[in-house]
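Read from first to last, the chains carry the letters A, B and C; within each, the first residue is number 1.
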Amino acid sequence: MKPSRNGRVTARKAWQGCAFALFWLSGIAAMAVMLAVVGYVVVRGAPELSLSFFTTSPRGGLSGDGGIASTIVATAYLVVMTMAFAAPLGIGAGIYLVEYAGNSRNRIATTFLKLSRFGSETLAGVPSIIFGLFGYALFVTAMHFGFSLLSASLAGACLILPVVVRTAEEALKAVPEGYREASLSLGATRWETIRKVVLPSALPGLTTGIILGVGRILSETAVFYVTLGGSYRTPTSVLSSGRTMALHVYYLAMETRAFEKAMATGAVLVILIIIVNLAINAVSRRLSAGSRS
Amino acid sequence: MTRKGAVESAMRTVLLCAGLASLLIVAMTGIFILREAMPAFREVGVWRLLSGSEWRPGQELYGLLPMIAGSGLVTLGAVCLGLPIALGCGIFLAETAPGWIRGVVKPSIELLAGIPSVVYGLFGLVVLVPAVRGFDYPGNAGFGLLSASIVLAVMILPTIASVSEVAIRSVPDEYRKGALALGSTRWEMIRTVVLPAARSGILSAVVLGLGRAVGETIAMIMVIGNSVMMPSAMGGPLPGIFLSRARTLTGNIAVEMSYATGLHSSALFATGVVLFVLIMLVNSAARALMARNAGGGRG
Amino acid sequence: MADTVPRLRTAGYNLYYGSFRALRDITIDIPENSITAIIGPSGCGKSTFLRSFNRMNELIPGVTVTGKVLLDGEDIFRADVVALRRKVGMVFQRPNPFPKSIFDNVSYGPRIHGTRDRGVLASIVERSLRDAALWDEVKDDQQKSALALSGGQQQRLCIARALAVEPEVILMDEPASALDPVATMRIEELMQSLKQRYTIVIVTHNMQQAARVSDFTAFMMTDGFRAGNLVEFGATKQIFTTPADSRTEDYISGRFG
C-alpha cells in the first residue's frame, strides 16, 4: 500500500479487501469441494456405467461382479414403504398441530401441542444410528420382523417423520387465514375446509416435505446397516432382507474392496440426489410464483 | 348435518392419533434403548462405562472413554477445519457475494448437504486415506482422526454455512444503513454491527454442526480405522494425535451391533444412551441460544 | 322502527377473551331488509361484535360469551353452527377469494352443502354473479383464476360467493376499506340493491359511508374498563343529525369537523 494523505482510509479499505477476499475463497472452496467429490465419484464410476450395470444384479463373492439391479429394486421398495408409513402420519400430525391444536385453548390440546413439538424437535436432532438401535431392538428383535424391508422401513419412517411433520406444519401455516375464514363462514366444517381449501393450497409445500424425505431415505446408510440385513438378492416380500444402493456402496467399499463399482453406484446415488434437489427447487419456485400471482 | 358432524369428529380423532404417534415414537425410542441398556448400567456401572479405557467384550470389559475421546477429537478436528470456511461461506452468501456467484455457490452447498454420507466415506477411503498415509509418522496408516476430521469438516460445512447465512440475513437492514452512514467500510459494518447482532444465531449454527458431527456414523467407520484405543500422539508432538486411529461412539454401535449378544449388546445400547445424552445436551444448547436470539431480536 | 320486524337480536350480550371482557352488555334489535351500520372508534369491538352473529369468534382460542344472540327468535348458540353460517353470510375486510377459478369460488358453498349437479351449480353461479354485479365482467371467463381479478372485482366475487348459499343475513366487515373510491362506490350501490332481499349489517370506520348507505346506525365505544358497549342505536338520519347521547355527537362532529 502506498502511503497517502488518506492513509487510514486506505488501510481500512485494505482490511476490507483482505476480508472479502477470504470470503470469496471460502465460497469458492465450498464449490471446489463439491465439484471434487461429485466429479471424482462420477468420473471414476463412469466407465462402469452401462445399461447392463442397471439391469443385472450383484453376483456376490469377492469380485464385486454384476450391476445394481436388485439394489435399485430394494431401494425403491424401501422408499415407497417408508413414505407409506411416514407421509400420512407426518402430514396428519402437521394438520392436527396447525388446524386443531393451534386453535384451541383447551389445556389438553395445548399441552399436547407443546409435547408434540418437543417430540418432533427432539427426533430431528437424534443421530440416525440411534434409530438404527431402536429399529433393531423393537422391529428386528422384539417384534420378530428380522432383518427385513419391514423393519428397515419402520425405522426409516421414525427417522424422517420429524422432517415431514415440520415441513407440513410450515406449509399449512403459510396458507392465508382468510381462506379458512371464508370457507367456515360459508358453512363448511373444519375438515371440509382443510380438505377443499387448505390442503390444495398447501400442496407444493407438502410435496417438498415428501421429496426431502425421499432424499433422506436414498442417502441414509447407518439405520439400514443395522435393520435391513444387507442381502444382495432381489427382495421378494416385505420380510425379505435387502440392500439399498447406499448400503451397496458401503459393502462394495468395505468388504469387497471393489472401488470402481462402488464409485459407479455412488455416482448413480449422487445423480439421484441432484435430481431430488432440482425437484425441490422447482416446487418451491412454483410455490413462490403461485403466491405472487 | 349429523353425517357431517360424524365425519368431522372422526377426522379429528384420526389426526390426533397421527400427532400422538410422533410423540409415542420419541417416548418409545427412549424407553427401548434405556431398557436394553439397563443390564450394562447395572452390571458395569455408569462410572466405569464412562471412565473405563478398555473395551474388550471378550473379557467383559466395557469402557467407553476411548470412543468418547474419539468422537470428541474428530469433532474438534472437523470444527477447526470446517468452521472458518463454513462461516466464510455464510458471510459471503449473506453479505458480499454478487448475485451470479451466489446462484452457483448456494446450490453447491445445498448439494454438499445432500450427498450421502457413504459417498463421503468412499471419497475419504479412496482419496484422503492414501494421501494422509503419505505423512511419515510412526504408526500412521492413513486411517485415523485426520482423515475422519477432513471428511467430517466437509459434512458439517453446509449445515453451518446455511444456518449462519440465515442468521446474518435476519439482521435488520437499518443496522447496516446506520453503520454505513457513520462512515464505516462494508467490512467494518459486518465486523462491528452485523456479526455481533447475528452472534447467537451463528453460535447455534455451530452447535447444530457439532450435533451432526457427533452423530455421523457410516463415513466415520469407513475412514477412522475403528481400533479401540485411546488416541495418542505416539510419542511425537501433540498434533500427531490426529494421525492416530480411533473409534467413535456411533461407529462402536454400528460395527459390533450385528454379532453382539447378552451384556455386550446391552453395552452397545448403553453407548447409544451416552450418545443420546450428548446430542441432547448439544441440541438444548442450540435451542437455548436460538431462543435468546429470537428474544434479542424482538427486544 | 316499530313497523319493522327484528331479524337479529342480542340481549345482555357479553364477550370475554379469557378473563378480559371485550364486549359489555349489548342489547340491540336489527331490523329486516335494511342496512345497519356499526360505527365507532377503532378498538371498540365492532368487528368482534359483528363476528358474534355467525359465531366466528369461536375460532379464537379462549373466547367465551354470555347473554343471548337470536336469529329469527332462535338462540344461535343452540343451533348447528354449520346451519347458522349458511343463513348468515360474511364478507371480510380484505377480499379473500380461494386460489381457484371464479366458478369454483362461487360454487364452493353450494357444493359443500350437497349440490352436485353441474347445471344447477352453473345457474346458481350465474344468479350470484349477477346479483353481485360481476356477471358482465366475467361471464366469458369463469374458469379464470379468481386471483387474477382486480381488488374490487375480488370483493364482489366474495359477495357472490356468500350469496350463492342463499343466506338471509349478510355481515360485512369493512368491505371497502382495502378498495379504491370507484370500487367502493360499486360495492355501495350493490348493497342498496341487495337490501331488498337481505338483511345487511356492515362495520365501517368511514362515517360518510355509514351515512350514505345505512338505514340504521349503531354507535359503539369502549367504557372505562376497555370493554366495548353500545352507546346509541337508531335511524341513521337521527343519529347523524340529532344524536341523543353527547358521546355520539362528539364522535360524529369530531370526525366531521
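In this section, contacts are C-beta pairs under 8 Å (C-beta built on N, C-alpha and C of every residue); 3 or more make two chains touch, one makes a residue touch a chain.
Please read all numbers here as calculations on a predicted model, not as lab measurements.
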| item | value |
| --- | --- |
| More contacts between chains, A-B or A-C | A-B |
| Chain with minimal offset from the mean of all protein Cα atoms | A |
| Identity of the chain that, by mean CA position, is farthest from chain A | C |
| CA centroid of chain B to CA centroid of chain C, Å | 55 |
| Intercentroid distance (Cα basis), chain C paired with chain A, Å | 47 |
| Whole-Å gap between the CA centroids of chain A and chain B | 17 |
| Junction residues of chain C - those touching two or more other chains | 82-83 |
| For chain A, residues contacting two or more additional chains | 189, 192 |
| Two or more partner chains touched - positions in chain B | 4 |
| Residues of chain C that touch chain A when the two form their complex | 18, 54, 56, 59, 61-62, 82-86, 89-90, 92, 94, 96-100, 108-109, 112-113, 145, 147-148, 158, 161-162, 165 |
| Residue ranges of chain A touching chain C (in the complex, touch as defined) | 103-105, 176, 178-189, 192, 196-197, 200-201, 290, 293 |
| Residue ranges of chain A in contact with chain B within the complex | 12-13, 15-16, 19-20, 22-31, 33-35, 37-38, 40-41, 44, 88-93, 95-97, 99-101, 112, 115-116, 119-123, 125-134, 136-138, 142, 158, 161-162, 165, 189-192, 194, 215, 218-222, 225-226, 246-247, 249-250, 253-254, 259, 262-263, 266, 269-270, 273-274, 276-277, 281 |
| Of chain B, residues touching chain A in the complex | 4-5, 7-8, 11-12, 14-23, 25-29, 32-33, 36, 84-89, 91-93, 95-97, 101, 104-105, 107-112, 114-123, 125-127, 154, 157-158, 161, 185-188, 190-191, 211, 214-218, 221-222, 250, 253-254, 257-258, 268-269, 272, 275-276, 279-280, 282-283, 286-287 |
